[in-house]
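Each of the next two complexes has chain A plus one other chain: chain B in the first, chain C in the second.
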Partner chain A sequence: MSSGLSRRTVLGAVGALAVLWLVAGLAFPDSWAGALLSIAASPSTHTAMLRLAVPIALAAIGGIFAEKSGVINIGIEGLLIVSAFSSIIVTFWLGSGGSTLALSHHWWGFAVGVLASTLFALIFAVVCIDFKADQIIAGLAVWLIALGLAPFASRIVFDSPNTAGVGRFQNVTVPILSEIPLLGYLLFDTPPQVYIMLGAAAAGWYLLNRTAFGRWVVASGENPKALDTAGVDVRRVRYAAVLLSGIFAGLGGAGFALGQLGTFAGGGETAIGGRGFIAIATYLFANYHPIGALGGSFLFAGLEAMQIQLQNLGYAVPTELIRTIPYATVIVVLVFVGKTQLPEAAGEPYDGDEE
Partner chain B sequence: MARDRRRFLRAAGAAGLATMAGCVGGFGEGGSETDAAVGMVYATGGTGDDSFNDMAQQGVQQADEEFDITYDEAEPESVGEFEGAQRDFAASGDYDLVSCIGFAQADALSGNAEEYPDQDFIIVDAAVESDNVRSYNFDEPAGSFLVGTLSALLTGTEFAAGNGETNPDESVVGFVGGEESPLIESFQAGFEAGVEHVDSSVEVLSSYVGDFNDTASGQETARSMYNDGADIVFHAAGRTGVGVFQAAEAEGRFAIGVDDDQSVSQEDYADVILASMVKRVDEAVFTAIESVINDEFEGGETERLGLEEDGVETVYGQSIGDQIPDEITEEVETTRQAIIDGEIEVPQEL
Partner chain C sequence: MRDDLERLLERLVHASVLERLVISLAALVAAILVGGVLVFVSGAFASCRAGLDIAGVTFCYNPMQVYYELFLGSLGHPLEGGWSPMNYSLATTLRQTTLLIFAGLSVAVAFRAGLFNIGTQGQLVVGGLVTAVTVLFAAPYLPGGFVGTVLLVPLGVLAGALGGGFYGAIPGALKAYADANEVITTIMLNFIATGVTATLLSRWFQDPNSANPQTRAVPEYAEIPTLPGVGFSGRMDFSLLALGFAVALMIAIAWLLARTTFGYELRTTGIQPEAAAYGGVDEKRMTVASMTLSGALGGVAGAFWVLMQHGRWLENVPDLGFDGIAVSILAGNNPLGVGAAAFLFGVLDSGSSSINTSTDVPPELVGVLSGLLILFVAMPEFFRMIGRRFVDTDAAPARAAGGGADE
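And now, the complex of A and B:
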């Protein structure tokens, strides 16, 4: 199944289904098609989608940089946990209401969250790049360590795996502009982490596709030998890329924690709950394109927001089944649309000295 | 390669979760000079969960204050560790009572109760048939029925308190569950029946998040309910329920807590928490210890703690609860009495 034709067929079929849905929904507003349409068109679905997409999109963009440079970072779930937890706890320590040096404590917490995630990424980079550890094992270790460390630290401070509440970012409302239909509530009346996500996606795309550094990252993943021959230090490029993945994931984790969670639940799979792994699926089907990954996370988060409202309709469909809709869709998209072109040297440590 | 990686991820993820073995808490000396030595085996999640385990711990702490007892605690982190934790207490022979908290311990306890016939056990939220085990169950449906009654009465009234207000034009209330399980579904069944009992035209939105720790999804779920016109949302979803309170705060509506008085344990949200459906796990643990001290412990029985025994009750929020109109709280009290008298039949499952 290696032709653009089949892909086009699939896209065509999906498009036809969508049109059918639209027509059916408009014609029979009381049918399930109509109900689904009104959910998809409702502003609350869109704003929920933007909020839910934040950790997924940012972690995905981070993952793109690491993997493009040849270091598969499946530990981004762990980076999300670390940044979310540390941003909350630092905000708590500083006092959630106040500010220091004209910057509110939420933003200090945010900065420390990003820093913590970057530090974790640095450890991962040392282990993978200098010590040539298996990247999958090291990535898993990052996740498992974060999964244990956050509730453990929380227990020391709060005597509970769950932290105290620290409040959340306020929506940023731009006067006048927020009155514009659709775009107004989407872009000009939204919490700050959504701006961070949109900005980071644009920055990530620019960095990867329009700068010399971006070309080095790609070369380091496709043909590190050539890059080395051209006089660029592969090791440094990979370090920079993995650190970038830590920064992006940190923005996602800390933004999600302070913008949406306001508290960190450390039980089970924590309040992050696998969003980092969804991010991996997202960038794989976007074939490492930052804007595509943003779109992919919108798809997942949008379906998540829709399934939440779908449950409210009270159809006689088991809620477990409704909840699988976003995941099932991601799998379908991965199979039919995704044409992931894994970087040639992904997963292989580069040894410049060989031969 | 890509496919292999994905498969590996899935397998490794599952294996990782399974091997996240926590350690069983430290064991002290089960002293024999005291009235009783108690071993506590908590449900996964451990103490500090602001609900179930903390309530159990309060029970043993209360007993510690009132009597001369010693107690030791074990906090298994997965279901597989229950058996060992229970056995460690039982095998030492130093403990007069081993308390097993949570329905997930039932299987492990059936084996251990047989193996250690001289050891007294209690289990909370499950029933184990054995002569040396006393089981405690709570009538969650009845407790949920009452908060359902409260919600239905309030949603039709114009009411504002704290940070919330009802919308008298819409008669909608909501229920957010953690994971679909017979236990959580019995909350939903009771709640829906309670609403129906007051006014069958009130719409109940019910939804499950699928996780007890997913605050963000809890928040989005409750937000969508408030956007659909719900005035009050009741949750049985652990930490996910914190998201419900956040949504109530953001939308200026109300919420109802669960397990303990959440207007106290989640004080930040006291101005939107109307009431909590409290489950007195502490009472169960306390009375069990008391019976052991008085040599009155009777195994082989299942004790159902319902409304009459105050095993489940409606506790009004500390901040806004007293602003609820008297005729509504009186109506709730009348309903409570009617359930106790058997005039109202509360469904036990969906």
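And now, the complex of A and C:
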């Protein structure tokens, strides 16, 4: 059914709809289209979008490396939870507002968050690469463990599944550049996790497409046997790629927690609320392109930002229903990109000793 | 051709049943050990008046006590005096067992067809609401009393199965006809189910006499009846009849998979899609059919949650669907194994409230334990490596060169 629908067609259709919306909104400013347009055009929606994109974009870029190397990491949701929670709790323990060794406690929390996520990724790597576990089940286990561990630890420290508040990162304002119209407030007057996201997307693209390591990662997922024959250790490449997914997801989770949330709600689906799974849909849609994944994350974050704005402006919208829009979008996206070519050897453990 | 395949499948199953059992038990032990360490270590971060002092650090939690409460508390402390099998805690355990059999079967059926249905939770949420609404709608038109029970309970369960089945068919169709990965779509559909049912509830079905987000209560005679004369002390929300139905359904599903053409085609699609297609199975239709059946079982779980436990649908649905995944994986996706695994998770669920009341350890520990359990079940190679260290099997040449347990 979807074979006739290429990405280009879909993007074209979306573009046409956007133009239609723009025209309708400008022509009838009092209509729904007009109201939505003014929300979409407001600077606060844009800044909210950039901040909400952080966990999705970074988790997606990490997921690209793991999956490209042949290890499907469905546990990145768990990695986001672990890094977000541990960054908050460490900042709380050290005392928010203070600093140690000339580094503010928020940054120490951030570092520990990334470390915790990387540690979880290491466990996942050992389980999948050396013990040849089913990657989907193991990834699911990582998610479920994180889902239990965060409220468990939170209850011990705070007597509640929700942590105390620790405040957020301050905006970093670049003088002069922040005065540039439009781009200034978006890119040069923004909290640090947004810079990290933009930098990581560029770094991820460079690493995957312009370095020998990137070529090994791709080969490890497409044809591990050939890579092995060429004298590169497939196991080490996959370990490195999965650890990278842990680092990127950790940057996303800790950045989101310390830069946006300032606290962590561990009840139910936790404050991460499925953003790791949205990230997976994002990189599939972007066909494993890090910059494309960044763009895709803007789509989902933009939807969320607009929903929040609608609520803030007091529109009588069915909140619960609107909240499902990003999830429904993921399904639509998956239906249209059903033909995404998974790496040839994705999901299979590589056993160089056999045969 | 078909006979050969059948024989091959049979042999595969018999050769692996024992191994699966050993691996599941080993995984349980491993999860308990790691969980015990976690409990002990996290005790150092808690504050308490009396604990175990080691080198100036006070460890507040005693893992042995936690597991004592978890495993024996959930049965009503059979080793202490005055125990009766009709106790409150055991009834809770069996109630959870009943619901988890349905949820576990739901995941297992999809698994056997080669599909990973993470959406049992959403199917349960949707099925439960459909059950409650159908029964509430139909009750005024039907007689009450015994006749009402006989008519309304099957109607409600059927409605739940239809609702859940429809909701399961969606990811099945998306997988079959648009190649959309069912793992992601079912997870998304879980979130969507929560949002849509909450909206439906607040718009139309909210109980006007309650501040809680919930529907009105179904008439008492529409709830699943308990066996006359068998009363669990103070527990009206568990019925042995329901447990009996769950076990019967479990046997029926096992029979369906093992002995019918449909079951055979479902299993071959799961193991060898190419061979199944060669044998004339329409893979796309089988994908939709197995996801529909899986969703229907999830919906039945929701129906029993409504008609047995609460007598109404509540917005706050427990994570039975996710536990169902753990149940199925632990059971090796074998329908008959689901019964035993569901009982174990019934113990964990019921034991978590026992932990909550009798110890200071957060009951969320149980979530961590089931995650660990899944992780260990997923890595049979780990246990084979350990096994090889102690038992010399001729079938195991030096494979340990690929990396050991010390990494």
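FYI, the second predicted complex is superposed on the first by the 326 of 355 C-alpha atoms of A that agree within 3 Å, B and C clash if a C-alpha of one lies under 4 Å from a C-alpha of the other, contacts with A are read in each partner's own complex, and residues count from 1 in each chain.
The criterion applied here is as follows: contacts are C-beta pairs under 8 Å (C-beta built on N, C-alpha and C of every residue); 3 or more make two chains touch, one makes a residue touch a chain.
Predicted model only: the values in this text are computed from it and were never measured.
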- Message: Contacts for A:R168 in the overlay, against chain B (first) and chain C (second): which applies, first, second, both or neither?
- Response: first
- Who does A:F277 touch here: chain B (first), chain C (second), both, or neither? both
- Query: Given the touch rule stated above, what does A:I156 touch, chain B (first), chain C (second), both, or neither?
  - Reply: second
- For A:I74, is the partner it touches chain B (first), chain C (second), both, or none of the two (neither)? both
- Please indicate which partner A:R323 is in contact with in the superposed arrangement: first for chain B, second for chain C, both, or neither. both
- Message: After the superposition on A, what does A:D134 contact: first (chain B), second (chain C), both or neither?
- Response: second
- Task: Quick one: classify A:I145 as touching chain B (first), chain C (second), both or neither.
- Result: second
- Note on the structure: Intersected contact list for chain A, partners chain B and chain C 74, 136, 140, 143-144, 147-148, 155, 161, 269, 273, 277, 280, 284, 318, 320, 323
- Of all residues in chain A, those that touch chain B in their complex: 42, 44, 48, 51-52, 72, 74, 136, 140, 143-144, 147-148, 155, 158-162, 165, 167-168, 256, 260-263, 265-271, 273, 277, 280, 284, 304-305, 308-309, 311-312, 314, 318-320, 323, 340, 342, 346-347
- Query: Which bits of chain C are touching chain A when the two form their complex?
  - Reply: 42, 45-46, 116, 118, 174, 177-181, 183-185, 187-189, 191-192, 194-196, 198-199, 202-203, 322, 325-326, 329, 362, 364-372, 374-375, 377-379, 381-382, 385, 399, 401-403, 407
- Which residues of chain A touch chain C in the complex? 1-2, 74, 126-127, 130-134, 136-138, 140-149, 151-153, 155-157, 161, 235, 269, 273-274, 277, 280-281, 284, 318, 320-321, 323-324, 327-328, 330-331, 334-336, 338-339, 351-353
- The answer for chain B against chain A in the complex is residues 1-2, 5, 8-9, 12-13, 16-17, 20, 45-50, 174, 180, 205-208, 210-217, 219-221, 223-225, 227-228, 238-240, 242, 246, 266, 268
